[in-house]
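What follows is chain A paired twice: with chain B in the first complex and chain C in the second.
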Partner chain A sequence: MSVSELKERHAVATETVNNLRDRLRQRRLQLLDTDVAKYSVAQGRSPVKFGATDLVCCRTLLGHTGKVYSLDWTPERNRIVSASQDGRLIVWNALTSQKTHAIKLPCAWVMTCAFSPNGQTVACGGLDSVCSIFSLSSTADKDGTVPVSRILSGHRGYVSCCQYVPNEDTHLITSSGDQTCVLWDVTTGLKTSVFGGEFQSGHTADVLSVSISGSNPNWFVSGSCDTTACLWDTRAASRAVRTFHGHQGDVNTVKFFPDGYRFGTGSDDGTCRLYDLRTGHQLQVYQAHGDGGGKLPVTSIAFSASGRLLFAGYANNSTCYVWDTLLGEVVLDLGELQDSHKNRISCLGMSADGSALCTGSWDSNLKIWAFGGHRRVT
Partner chain B sequence: MSAPSCSVGGEVGGETCSALANSSLPPPCPKSPPEYPDLYGKRREAARVQMLEREIGFLEGEIKFIQGVQPASRCCKEVSDFVVANSDPLIPAQQKSQRHGRFWKWLCCGIPCLSLASFCCCCRSECSCHLKKPKCCIGSKCCGGSCSSNSCCCSSCSCFRCCCRSCPDLSCCMPTCFRSCTRPSCLNKKKSSCCRCSCKIRLSSCFRCPKLRLRCCFCNCKNLCSNPCCLAF
Partner chain C sequence: MEEEGASVGDARGKHRILAELGRVEQEVKFLEKELEELGQTDIVSTVCEELLCVIEKAPDPLLPLTKGPFNLAWDRWFEGPNGGEGCRCYIL
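Take a look at the complex of A and B:
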């Protein structure tokens, strides 16, 4: 077949794809008979109301000397690892605020960090395009240098996010500026699967975030600069199971809803959204009003244990809205509370038992927020 | 008469050698390169078409799938039912008695927090919890020092900041240089973010920066605080 014939086929195929996508969009719109907020109002749900001292800053973790970019809790034992522009990972005891480890990184430009399920290793990645694994039982020298246990190399762009597969200390998933996600075998340092890429169906721009389902670790979702989120099955890497449209800007952050069948997203378009995995429906849009018309990019999100609260950090000084996910309303701004951060909140993480939220900020601090009062919700 | 001989640069009969040489030869007429088939471009085009045709298959499958998909209202009900059925430590499920509420407050404020799994604490900076605050100054308050609100009486820090004495506030705490840099002195009390040091490490690799459509090259370190992707970082 000649090149001109191929180009003609390309044009026809492109038009067919666009028509099919349009049909799919129309059909989905017909199925969107309501959203979570309208449904909840019809059910008579009462809003969540926070008093002035109901959610308080319990701890301020001081120690980083640069912007905090990422944090992660251990599944147990209340420890946190954080990554900062100062080129260090710090492991904290969240209850006592003590630092248990301060690891100087080979490459200071770190963007993400994660704890292994057993809490014995930490992973990080960034502009060096590799994911480095450190064992917390290794001895550090006086500079805080801990030898790297394993380097996961192979990405052709920065590593934006990493997360261990739940209950598997030997596998983790990374997302990258090279438009792919990769499932790694940490023991061998090799790629097990690559999701997306130049000739595979997947994201068409930088992938910024991943979240693995706690109830089904074979599933994970990714968010990308191509304005979509994708659902992947690690057993079938050739294409995304489903692509979720709706956002009009980079999808900076994705997080599974506690039930494992929904997930939330945060985007440069200023909205957070709730999607249903199995149907692909967009169930709710959470858009703030004011602050430039609700166009402040969302940097990070986290759900409370029941899913009733959605915490969302925004790209301005310290704003962190607490959304009532059922009624679609902002019920609190952590940035307005006493002892709040002094700069942008760049990362959020909920503790395993849901009793505390940790926020990391460009002010170089981490803060832990917990419930300080009593309240009834009907 | 013999033909005029011509050496390089010489003259024969008033004309240069090169002029004589040029007049006897046709003008240069370089050939166009042969038209090789653009195999690389053709293969890439074929790969793109194949991807599109595969995408068509996926979309057709998705359209078939969606015929049997439940409406959004069913999903909304599932979300609502899940939220209501699960307790949330940040939102108590039912109102406790005033006495119990006082118990949490008694436990948290003024009393060292027990090692509970839950963060019940309402510990604020005044709480005498078992937390050990670092000795660096926090805001305008100094821990254990007799400082006015505008001065900082830090002694050696137990954290990573080096506090300098007589500094107006925390901002004068200079970070330690740990990237092969010498320890800075607190020369500039206004700006704390940069170490005044020279890096021994020179990196010449270029990074592709997050969310930017250009590459930032980090070629030499004049300032520890410069980063290759300062626009996005």
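Take a look at the complex of A and C:
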């Protein structure tokens, strides 16, 4: 076949792809007979009611001297690692507010950090396009410099997000400005799999966030500037299992729902959305009213232990809406509470047992929020 | 020499287009399969029913009303000195 014949065949196939995508969109719309909020109201559910002093800021972690960009809890409850514009990773005992490590990074432009499942190493990445691994048992010099124990290099763009595979200290997944996600073997420093990119179908713009399923660590979701989220199976990297449409702007953050069969997203379009993995359906849109018509970009999200609450940080001074995920309503704004942050909340994380939420802010602090009111347990 | 150069360029171009074509045609197959599966997919209300069940049976330390069992450790944030008088030094 000649080049021009091939080009024609390519054009025909592309047209078919576009038509199929349209038909999929239409067919999916027909299956959207309701959403979570309408269904819950019909089932007689009412919104979660918080008293004025139920959720409180019970710790403020002071120490960074620049904007906090990322944070991660250990699986064993009380420790947090945070990354900041000041070029440091700090490891905290959130219960005592003590800093146990303050690691000066070789590259100050850090965007993400993560704790390993065993809590003995931390990973970070950013504009240097690599993911650096530090052992917490290494000795720091007086400057806080700790030798890097492994560098995961190979991305051709910034590393926006990293997460260790649950229960596997030897594997982690990164997302990047080079439009790919990568599964790494930390012991060898080599790529195990690449998801998307030049030779495989996947995202068509920067990937900003990843989240790995707690119930099935072979699955992870990614969010991208191409306005989609993708579900991947690490055993089959050649193509995303499913692509989730709906957002009208960059998908800045993705987080698995606690049961591992749904996930949430937050976007520049000002909405958070809840998607179902099995059916691919968009279950609910969480859109704030006011604030310029609900168009404030969502920077980060976290679910409470049951999934009933969705915490969402926005790109303005300190707003952190607490959404009732069933009723689709904002039930609280952490930014209105006493001791709230003084600037944008850039990252959120729930402790492993769900008893505390940590927020990180451009005001350089981290805060811990917990339930201090009267709790009724049935 | 120019002719040779042109045909090498053509070969590379053809190779690239063939690879691209393969990818697009593969994508057609995947999308057709997805469309077929959608024909057997539950409507959203079925998923909502499942979601309601999952959420309401899980214990949640941050809710004013939650299923048990209660864990004493949930309240560890309020034990000891309020605010946690820990290290306040700034790293410079």
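Operating definition for what follows: the second predicted complex is superposed on the first by the 373 of 378 C-alpha atoms of A that agree within 3 Å, B and C clash if a C-alpha of one lies under 4 Å from a C-alpha of the other, contacts with A are read in each partner's own complex, and residues count from 1 in each chain.
Note that a residue touches a chain if its C-beta (ideal position, glycine included) is under 8 Å from a C-beta of that chain, and two chains touch if they have at least 3 such contacts.
Keep in mind the model is a prediction, meaning the values are calculated, not measured.
Aligning the two structures on chain A places chain B and chain C in clashing positions. Contact with chain B, but none with chain C, is seen for A:D206 once the two complexes are overlaid on the shared chain. Applying the stated contact rule after C-alpha superposition, one finds that A:H245 touches neither chain B nor chain C. By the touch criterion stated above, A:A108 is placed in contact with chain B alone, chain C being left untouched.
By the touch criterion stated above, A:G51 is placed in contact with chain C alone, chain B being left untouched. By the touch criterion stated above, A:G280 is placed in contact with chain B and with chain C alike.
In the superposed model, A:G157 lies in contact with chain B only, and not with chain C. Using the contact criterion defined above for the overlaid structures, shared-chain residue A:L31 touches chain B and also reaches chain C.
Within the superposed three-chain model, A:G66 lies in touch with chain B and out of touch with chain C [touch as defined at top].
Residue overlap on chain A between the chain B contacts of one complex and the chain C contacts of the other covers 3, 6-7, 9-10, 13-14, 16-17, 20-21, 23-24, 27-28, 31-36, 39-40, 43, 45, 48, 55, 58-60, 62-65, 86, 88, 95-99, 102, 144, 199, 201, 239, 242, 258-259, 262, 276, 279-281, 283, 304-309, 325-326, 353-357, 368, 370-377. Those residues of chain B whose C-beta lies close enough to touch chain A in the complex are 38, 41-42, 45-49, 51-56, 58-60, 62-63, 66, 69-73, 75-80, 82-83, 86-96, 100-101, 104-105, 108, 113, 115, 117-125, 130-132, 134, 136, 138, 159-161, 175-176, 178-179, 207-211, 227-229, 233. Residues 1, 3, 6-7, 9-10, 13-14, 16-17, 20-21, 23-24, 27-28, 31-36, 39-40, 43, 45, 48, 53, 55-60, 62-67, 78, 85-88, 95-99, 102, 104, 108-109, 111, 127, 143-144, 157-158, 160, 177, 199, 201, 206, 208, 225, 239, 242, 250, 257-259, 261-262, 274, 276, 279-281, 283, 304-309, 325-326, 338-339, 351, 353-357, 368, 370-377 of chain A touch chain B in their complex.
Chain contact summary for the complex, chain C toward chain A: residues 10, 13-14, 17-21, 23-28, 30-32, 34-35, 38-39, 41-45, 47-49, 51-52, 54-56, 58-71, 73-78, 82-92.
By the touch criterion stated above, chain A contacts chain C in their complex at residues 3, 6-7, 9-10, 13-14, 16-17, 20-21, 23-24, 27-28, 31-36, 39-40, 43, 45, 48-51, 54-55, 58-60, 62-65, 77, 86, 88, 90, 93, 95-99, 102, 144, 199, 201, 239, 242, 258-259, 262, 276, 278-281, 283, 304-309, 325-326, 353-357, 368, 370-378.
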